[in-house]
Amino acid sequence: MEAIISTFTNPYYLQVASIMGVYMIAALGLHLITGVTGQFSFGHAAFLSIGAYTSALMSLYLGTPFILNLLVGGLMAALWGVLLGIPSFKLTGDYLGITTLGFGEIVKVVFINMKITGGAGGLGGIPRETNVVVVYSIVVLAIWGLYRLQNSRFGRALLAIREDEIAAESMGINPLLYKLKGFALGTFLAGVSGALYAHLMQYLNPADFGFSRSFEILNFVVLGGLGSIPGTVLGTSVLTLAPEFLRFVREYRMLIYGALMVTMMIFRPYGLLGGIDFGKMFRRYRAQRKSMKDKKAVQG
Amino acid sequence: MRKKRFIFLLTALLAVAMLTAGCGGGGEEAAEGDTIKIGFLGGLTGAHSHYGIETLKGMKMAVEDINAAGGVLGKKLEIVEGDHGSNSSEAANVTQKLITQGVTAIVGDPTTGITKSAAQICQPAQVVLMSAGAVGTGVVEIGDFIYRDVLLDAVAAPAVTKYLKEELGWGKVALVTTTGLPYSESLTSIFKPALEEEGIEIVAEQSIMEKDTNFSAQVTELTRKDFDGVIFTGYYTEGALFMKEMRKQGLNQVMAGGDGLLGKELYELGGNAVEGSMVYAGFAVDKETAAGKTAEFIEKYKANNDGNIPDMFSAQGYDAVMLLADAMEAADSSDPKVFKDTLAATKDWEGVTGTITFDENREPIKSPVYLQEVKDNAFVVKAVIPIS
Amino acid sequence: MFWQQLVNGVTLGSTYALIALGYTMVYGIIQLINFAHGEVYMIGAFTGLIMVVVYKVNFFVAMLAAMLACTVVAVVIEKVAYRPLRNSPRLAPLISALGVSTFLQTLVTLIRGGPNPLPFPQVIQDTVYILGPIRFSKVQVIILILASLLMVFLQCTVKYTKIGKAMRAASEDYATARLMGINVDRVVSFTFGLGAALAGAGGVLVGMYFNSIHPFMGVTVGLKAFCAAVVGGIGSIPGAMMGGIFLGVAEVFGVAMGFDTYKEAIAFALLILVLLVKPTGLFGRPIQRKV
Amino acid sequence: MSALLELKGMTIHFGGLIAVDNFDFQLEKGQVVALIGPNGAGKSTVFNVISGIYPPTAGKVFFNGEDITNMKPYHIKTRGIARTFQNIHLFKKLSVLDNVRIGCHCRGRTGVLGALTRLPGVKAEEKVILEKSLEVLEIVGLANKQEETANNLAYGEQRRLEIARALAAEPLLLLLDEPAAGMNPNEKKNLMEMLKRIRAMGITIMLVEHDMKFVMSISDRVDVLNYGQKIASGTPAEVQNDPLVITAYLGSQTG
């Protein structure tokens, strides 16, 4: 018993769990953009940084409540998401991907050059407000919201765009508008995640939000199973924990990490949970049980 | 088909469970025993691993020396390594892990950014953090468990500027900064008022990027300016390549900069182009001037590293451990809450990177400063500048 | 001043162009952003260094060796990490490419013993020529000549050889090319190899020019070269060349105009601008929506 | 009484190629009209212009008296034109039911907030959509396959799903692009029955089709396109005997 309690109070585990949750929120945002709507975004970290800096500056200079800062951080990221999306969404696939990547790098350079964010020296002294409870409450909220979204008229429109944009358009869906809405929601989650990150790490540096971080989040989503919420959660968990467990292999760590990425893709090109539909499995299971019951009833 | 999927799912879940179980082994409390644990925080892998590797080398040498002489308070020192792969969010995890592993102090990280985020964790956990490289502002202000043993540019740079003006007659300089590198940006912000104070005019300001190799555009911009020398606030790699480009474009001025330039790579990469360029640091690496502990350290380092000279990271890593050990001895305790106060009281402490005194703000003051120039593929002391 | 900066820009741009060609050819055929291409370029530079330092060969032999080594590496990468994913979802080979990229960076760091730069020996006595207001270094001239020769060689290969025709056919319509009896696997391997050879040459040239190479040198250069390929119009060989030079010149003039602290953003800003105005790049063919 | 759909002087160029040249066309409410012609005659292109995927180079499209030229496909859809595609464009990885539900898109209003809150109005809307979807799946005979992934359907079933998806929005005009392609005679017979039922629902149908027997037995009128130009128009019997049409299909006897 004591061991269990100490596990839950061990600051190292709490720290790792918090970071994992923070990334999960960002990954869920990217899941909506790439997994559900099918739009490539290689600059997701930029939206994290926008949310992170916005909320951190609010905490430092305005002293506004944490919840408000989270919200505004998310909204600011969404605003920039829309501003980027309006001109960019006439591009598709890799072109859109590389545009978002470029946007991410530009945002990084702008933060390096900004005075109020402390430039390259970074922004420190941010109060520690984020804890495991806050993080996982938001994770649960985000998952709940995404499930509802995906199983609605709105979510189906996003899925339609992913599957076949021309057909979606012929079904009466305005692709640009829906892509923008999906992107705004996804970047909102990224912004909230960034705000949580800022109040967890208490220090921000533009260099932490470069393209390698964007690709890291993309990895979470793709390796877990593109388009699947359980997949995104699993992918984020495995990949944020992997470095902690691979620590014993020391300098070979990244070698193994890289090789794992390749092997994973070769053996599971749709990701760990790709192609597995839990909803469908559940419905089938229910139907099966029902028919069994019926059979029994008949026999009885 | 469906069975296969289930099996796969099961394996996936099992893998996660195993990983989580493995987690349990990670953070065992250190048994209060016969060793004192000191954590190392830095990148041994990733883009900034060079600094981390060098810091750890220095730390290991210090631990060897201490343990050979009987340890601290009768106990052996032990280094617990925490590699964060040059990734800041992992760095927070690693710091937290080191603390749960029962370290009394952490030495690291060589960069200001990660030091700041680690300091936010160490301060409330009441573990001493001794950064062996963070020179940016706002580090020790985080709390009274946070220290650094670097050469404080705020003190050294003005003294060196004065020397450049008075002894070398520099009146106009070009100032080159590595954008995105906190060390360089902070040093530039110190040099600017210092230059103004001495009446040295900054005729051109250029920015370069870390890991960039092509500086032709910036140098071409300098060709139309008239100046006596270059103040270069970045690291040795870019410094060497920048000077090479200057020679290619027919500029013959030398450069001067901080201890970020101190490394054999400066003349290995720069060759003739850096001949005469100047570097200031808290310790001298040449044979004639280096004495006592510094000379011993250099010799030992060279013996272990194919005759290469140590750079500031290894030297500061060595001193960091030594400083901590001496503070523990003086306090007669390995409890960070106790020995942090004796550490703060350190005065005229002789290390391999110079003589260190912590001032009332716990900032290190090192005196004197050695201005060294590159001569025939070696650093040679040009001037010894006392710091008042 | 203007002319000098132009020379600087064209030299820088021609190294981008050499790498951009690899991206553009591969993308043209299998629509894959080969993120490991920057690492192939890095391996080229290191091979060149080993040849010069350990085997003491002259510069041209070192360059040929680097080209050969890169070709082998790229063909192996393609076989191991991309070919099994030919029919997978679009992001799978991309993630695989990122994995390869991480793997190679770490591998070279391990072999080299750290990420910090190694000096590239001065293989060619670098003399400086002065022409009016412009200063050329001999290495600069060599880079320009070799880069142009390699691009002409490439253009001829693609235009006049049998395998070149197969490449063009495969890039026009992969499935039909396969039905027409073209061994597309061989074509893809050849394309990877050819692109890698150019990147390898680029690695040695850059190593020689700047005298410094390190295991992470391929990351930003690779990204910028990819930008160059997209700006020029992906799939277009002249586009990649022009795109590379365009970006090189733009970067240099950006710095000269005082945007030096924004240098890393210049390539990306241009990329976005070009894409918004002409979504398929400067030399790309317009896409017709297929219904 | 004005026509439901009217094309005036429609011309479409692709680069130098003239795909459709000065094409006039009228469609009355309740009619079934077929557009036929050899491969590459420009039939599908006409569909793509009506449904808004390509803008015409010249000419006008009127629907229900409204000028819909240059409107976006999603706006045209809301006016009451639904279509199927020649090379099936289903949402492949989604279930059959979801495919049809997406077809109902313009009949709903739920946005992000509605989806999150699931207020009674939203639930009611979902119920209507579900009922309508099941109804059209019943019509095309796919009601027992609603949970299946679209990709797993047989070819003929996929064609029928396309029709169901188009019907889900209760369109005024249904554009069918080669609905019988790839079907066996039995399936074609079923399809014909299905189209008759759809017509009975009061939906106007315009179709492009290759199978002459199929076209002749269902259409009120047949228009013939050749190289982008209308060469004949009339009842199936008239068109069948038109010498120009015979030449276009069989090639000129004299060369």
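Note that the chains are named A, B, C and D in the order they appear, and that numbering of residues resets to 1 at the start of each chain.
Here is the rule we go by: a residue touches a chain if its C-beta (ideal position, glycine included) is under 8 Å from a C-beta of that chain, and two chains touch if they have at least 3 such contacts.
These figures come from a predicted structure and were not determined experimentally.
Peer 1: In terms of Cα-based centroids, which chain occupies the most central position?
Peer 2: That would be chain A.
Peer 1: On a CA-centroid basis, which chain has its centre farthest from chain C's?
Peer 2: D
Peer 1: Between chain A and chain C, what distance separates the C-alpha centroids? Give it in angstrom.
Peer 2: 32
Peer 1: Between chain A and chain D, tell me the centre distance in angstrom, where each centre is the average of that chain's C-alpha atoms.
Peer 2: So the centre of chain A lies 40 Å away from the centre of chain D.
Peer 1: Could you put a whole-Å number on the gap between the CA centroids of chain C and chain D?
Peer 2: 48
Peer 1: Could you please state the distance in Å, as a whole number, between where the Cα atoms of chain B are centred and where those of chain D are centred?
Peer 2: Distance between chain centres: 71 Å.
Peer 1: Could you list which residues of chain C touch at least two other chains?
Peer 2: 106, 261, 264, 289, 291
Peer 1: Provide the list of chain A residues touching at least two other chains, using ranges where the numbers run on.
Peer 2: 112-113, 166, 251, 254
Peer 1: Taking each residue of chain B in turn, which ones touch at least two of the other chains?
Peer 2: 45-46, 179-180
Peer 1: Taking the touch rule as given, give the residues of chain B at its contact with chain A in the complex, in rising order.
Peer 2: 5, 9, 12, 15-16, 19-20, 22-24, 26-27, 44-46, 83, 85, 87-90, 92-93, 96-97, 99-100, 112-113, 116-117, 120-121, 125, 136-138, 142, 179-182, 185-186
Peer 1: Mind listing the chain A positions that touch chain C in their complex?
Peer 2: Within the complex, chain A contacts chain C at residues 34, 40, 87-88, 90-91, 93-95, 97-99, 101-103, 105-106, 108-110, 112-113, 166, 211, 215, 218-219, 222-223, 226, 251-252, 254-255, 257-262, 264-266, 269-270.
Peer 1: Which of the residues in chain B end up touching chain C in this complex?
Peer 2: Residues 45-50, 53, 179-180, 206-209, 211-214, 216-218, 220-221, 223-224, 237, 240-241, 244, 248-250, 265, 268-269, 271.
Peer 1: Which chain A residues qualify as touching chain D in the complex?
Peer 2: Per the stated touch rule, the residues are 145, 148-149, 152-157, 159-160, 163-164, 166-175, 181, 185, 280, 283-284.
Peer 1: Would you tell me which residues of chain D are touching chain A in their complex?
Peer 2: Checking each residue of chain D against chain A gives 51-53, 72-74, 77-78, 82-83, 85, 89-95, 98, 101-103, 105-106, 108-112, 114-116, 118, 122, 125-126, 129, 147, 165, 169.
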